[in-house]
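What follows is a pair of complexes built around chain A, which joins chain B in one and chain C in the other.
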Partner chain A sequence: MVELYLKVAAGGLLIGTVYALIAIGLTIIFGVMRVVNFAHGEMVVMGMYLGYALWTLFAIPAIPAALIAAVVLFGLGVFLQVTVVSRFVGRPQHSQFILFIAFALVITGLHLMLMGPDARSVMAPISFQTYSVGGLRLDAARVQAAATALVMILALVAFLRFTFIGRAIRAAADNPLGAEVVGIRSGRVYAVTAGIGLACAGAAGALVSPLFDAQPFLAPEFTLLAFIIVIIGGLGSLTGALIGGLLIGVAEGFAALLINPAMKSMFSYGLLIAVLLLRPAGLFGGREAR
Partner chain B sequence: MTCNPAVDRRTILKGATAGAALSITPLRHVRAAGTPVKVGVLLPTSGVLAFLGQACRRGIDLGAKMMAENGAPAVEILHVDTESKAEQGRVAAEKLIREGCSVLIGAFDSGTTISAAQAAEAAKVPLVVNIAAAPQITSQGFKYVFRNFTPGATLVYNAVARIKELSSLTGVSPKTAVLMHVNDTFGHAVAKGVDILWQKLNVPIEIVDTISYSRLAKDMSVEIGRAKAAKPDILMPVTRVNDAILIVRELVKQNVELFGVIGPGSPGPYEKAFTDATGKYGDEYMDCVPWYDPTRVKTRRAIAAFAEAYPDQRFELNVGFSYEAVEIVADAIARAGSGEPGALQAALRATNLQDHIMYGGPITFDETGQNPNIGGVLLQNQGGTPKVVGPAEIAVAKPVFPMTPFAER
Partner chain C sequence: MVRRERKRTGRPRGVVAATAFFCALFLVPHLLDDAWVAVLTLVLFFAFVGQAWNLMMGHVGLLSLGHALFLGIGGYTTAVLLQDYGMTPWIGIPAGALVAAMVGAGIAWLGFRFSVRGVYFALLTIAFAEFFRILFSNWPLIGGTGGYFLRVVPEDNVPLLSLRGGADHFYYLFFVLFLVGLIVSARLVRGRIGMFWSAIREDEDAARALGVRSFRLKVLVVAVSAAMTACGGGAFALMNGSLFPNTLMGMQMSIQIILAPIIGGLGTLFGPFVGAVFVVLVLEFSRDLGQTAGVYGLSTLIYGLTVLGVILYMPEGIWPRLVRLAQPLRRDR
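This part shows the complex of A and B:
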């Protein structure tokens, strides 16, 4: 039984790291541009389809596929920001909501047209493999996905701290007007931010493609999951998104084991309500510089 | 501002009333004699059930094509998508009736079928149910609803009976089982049915744990971990196709050793998406479902025509029952000699199709509109395809039980 508990904890932490990468994509866009990407789950699913297609057509495994998906989604993010979203930054929130919901519907429609409604599985050997660590069997695909997601998160943190454009993004997030005054071009910063946000979603999608079957209708669930994590962690906080992701991953696992597997999502919502009641800004909201 | 005295408020009201009356008058009343009978088909061809709805549609289209080739009366098939939403059943049925359909076929899932049945009954247009297991479809006293699919209780009864006879079929006697089920209406109903019938049929296998999981589950690691901890001889999952795939993956990863995995009346493991996704690990997975009779000439002919029309798809129960629904309608039209819904209803009630493709007795309808003669088989995936391994009279392969451990495949 102890082995089962350890396995659930390890599994929760591993998948929680990938959830964190998804949530970081959402929170960075909100933190800098103050727009909420309601199509975030659709971007994750797009990453899953890329992971599926790259494996099926070229036998490219999940880790390089995640890098390719990150590049493709980065490009898509920049394109959408420059052509459409930039016109909505600063507009009333309801018009932003409608825009992103429209994106979500269009992307789901495209997924249906291109890939059909069937679940698409990556038929890679890794989908059935495990690593044995001290007598504990860990899902190989999950370990690889978590390790890659963690490296990506650390790389993103380093990028934001140590590069000029990263510091410009943080400056624009802290004080958009001040950033403009010192010569930072907010349009360019927003484009890079949108690209990074979507790249996180796409990479996470490709990483989970050997674990979860790609399906157009998974998207709202990923969007909701990302929202729960960023609200628990604190909107705009990278640390909050990471901790929130791990917390949700582990909490869902133990809720499934100890209460009822069918109620594990309900447990996440319960956690969300508790955080909103006790700490409305989230665990790390307002504490960390964006 | 001036008023035109020729067009006053009363004239507009009269015109509007006449227009409304015309719009709800079914066009069938003005259909010319000799034109094809319009058959309306309601299926979820988009939305979450689209994958299954598309399979049903292939069965309908194949049925229509083969009936035409066999000299059946001319029919015109009109398809309407129910979008995987139960409330769309009524809307879709009313639309088809307005367009002049004399008979409807549908609607794959129980919620949509119940909704469509109400509209069909109100309009006195027969509805032939291809697939839908909810008992209330034929227990509400409807006169125009005919179901050629196993109701939930019979589905589970057949499944439990097949599991019980597995020991005598193979000489292996499992002692314990874990029941897993998807947490939706169907999963709950089957799980509850298994629980009741297990006692009633005195099955000598103890169910040591029952685990329900979300319909939207993306990951089954905890569920399978919990099932493994109960150390069952057999696992009985009530699934859809995606969760069946997830279950097999986790069984392999967690190296769960079982005598067998047997779905008690569960969709999923016989579908091509399942065998494609699981490969050798999906082999020897069993399921107890209504299925086609592989020994009949008529079935083999339908399968050959299907393989020619859809080389990348599998002829399974969704295709088979949809095909049979067209056959039932074509037979009723031929005997009624008319496309009038009343005549078709009377002809459907007198249906007695001896030679048909799905396993069971002749297709007839009792006073509730239910076909009571549908059988259930024990399927097992072997070499990547589902094969009938029981009952012996139609078996095309021997069951592999206990199953080969995953680690040795």
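This part shows the complex of A and C:
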């Protein structure tokens, strides 16, 4: 029994790391631009399809596929930001919402046209391998996905902390006007931020492609999942997103085990409501509220 | 916004145009075939529900992204009262509206009590809607995800008593709902309460400083909006004869509800209708095109691109643009 709980907890932590990568993509865009990417889940699914396509066509496994997906989605993010989204920064929320809903519809339409409505699964040998850690058997695909996601998150943190453009991004997030005053070009910062945000989503998508079947209609679930994590961790906070991701990963695992699996997300929404009402800055955020 | 509306309908030509418009809408079932009646019924449904949502967003500035919740509450209350308790929808629909108003007021009370604002309020509405959707999906009494089905309309059905009937009947049902909704919205928005609401939308702190009791006025608008949406949900359930939590209460439905008023023109009385015409026609057209072309997903792509085009080039909505186009004409006379 204990072993089962341990397995669920470990599995939750592993998938939670990937969730955290998705959520960080959402939170970084919001933190810098105050724009909520309601099409985030669609971008994750795009990453999943890229992972699927790279594996089926070129036999590229998930980890390099995640890097390729990150690069592709980075380009898409920069492109969308420069062409369209930049005009919507600072517009009313409902306007931004409709813009991203339109993105979501277009991307879903393209997914349906290119890949069809059926679930696509990666038939890689890794899906059947396991690692044994201290008597605990863990799916190899999960461990690899989590490890890669963790490396990516750490790389992103290092990038934001130690590079010039990363510090510019943080400056713009802290104080947009002040950043402009000291000569940071907000347009460029926004473009890089949008690229990073989408790259996180894409990489995470490619990483989970051996775990979940890719399907266009998964997208809203990923979007809402990312929202829940980001709100619980505090909108705009990277550490909050990481802890929130792990928390939701574990909580989902246990909710599926202990209560009705169909109702596991009800628990997440209940938590979301409680956090929104009682601690809108998030459980771990503190810098900025409302 | 409010003042412009008043001026326009205040003019005799505006009244003539409005009367002609409603006469034309009234005659639709006599002039057009069933397919068009079905499409226009859907237009009236989305126009009516869009009006309800617009009261909150357009007039008070509260963004709800979970209005499907109220649709679901109205639909399920009406259907369950009819099927399991033999109560006519004449009682069922108002009952649904009452329940929805209470749930809406409860959510609003909680949200405003803890001063949840902006994006956070929008996310709160999503959270409640999804919470209830999953609850309804796992509620065996109402069929869960499998759905809840109304029995076939009996032989001795009197449409005016049971509110159920054929395509024309439902067209007129939504026509009346839309008309009543329009009048109620217009009266509320142009009355004293409406002035307070616009004051809250423009600057809540200033309004409060002047003695506007913003808390209860905001709870009121959510309750009214929820009740109206629930009426639409009840009628919608009667029309479809079946209810599924995932379609009636899902995120997709919430998005559908708000597309029409935003595309038509936020905060205008007529925007939701114009937007509903646009949205439903584009949806039908793209679906047809996708089917003829035999390309799966093409309809979604076209729909998305059209919405993108509107939000890019007409961010304030179609109706205000039309009004502005009509302005020079008016000055000529």
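FYI, the second predicted complex is superposed on the first by the 286 of 290 C-alpha atoms of A that agree within 3 Å, B and C clash if a C-alpha of one lies under 4 Å from a C-alpha of the other, contacts with A are read in each partner's own complex, and residues count from 1 in each chain.
To be clear about the criterion, a contact is a pair of C-beta atoms (placed from the backbone, for glycine too) under 8 Å apart; a residue touches a chain by one contact, two chains touch by 3 or more.
In this text, all values refer to a predicted model and were calculated from it rather than measured experimentally.
Trainee: Answer with first, second, both or neither: which of chain B and chain C does A:F58 touch in the superposed model?
Mentor: neither
Trainee: With both complexes overlaid on chain A, does A:L105 touch chain B (first), chain C (second), both or neither?
Mentor: Only chain C is touched by A:L105; chain B is not.
Trainee: Quick one: chain B or chain C, who's touching more of chain A?
Mentor: Chain A has more residues touched by C than by the other partner.
Trainee: In the superposed arrangement, does A:A262 touch chain B (first), chain C (second), both or neither?
Mentor: both
Trainee: In the overlaid three-chain picture, which partner chain does A:G270 touch, first (chain B) or second (chain C), both, or neither?
Mentor: A:G270 contacts chain C only, not chain B.
Trainee: Where does A:D213 make contact in the superposed view: on chain B (first), on chain C (second), on both, or on neither?
Mentor: first
Trainee: Regarding the shared-chain residue A:D118, is it in contact with chain B (first), chain C (second), both, or neither?
Mentor: first
Trainee: Return the residues of chain A at which the contacts from chain B and from chain C coincide.
Mentor: 112, 116-117, 260, 262, 265
Trainee: Name, in rising order, each residue of chain C that touches chain A in their complex.
Mentor: By the definition above, chain C touches chain A via 57, 63, 65, 110-111, 114-120, 122-124, 126-128, 130-131, 134-135, 137-138, 145, 251-252, 255, 258-259, 262-263, 266, 295-305, 307-308, 311-312, 315.
Trainee: So in the complex, the part of chain A that touches chain C is made up of which residues?
Mentor: 36, 84, 87, 91, 93-95, 97-99, 101-114, 116-117, 216, 220, 224, 227, 231, 235, 260, 262-263, 265-266, 269-270, 272-273, 276-278, 280, 290
Trainee: Which positions of chain A touch chain B when the two form their complex?
Mentor: 1, 4, 7-8, 11, 15, 112, 116-119, 121, 123, 127-130, 137, 139, 211-213, 215, 217-218, 221, 253, 256-257, 260-262, 264-265
Trainee: Quick check: in the complex, which residue numbers of chain B touch chain A?
Mentor: By the definition above, chain B touches chain A via 46-48, 50-51, 54, 183, 211-214, 216-219, 221-223, 225-226, 228-229, 241-242, 245-246, 249, 252-255, 273, 276-277, 279, 281.
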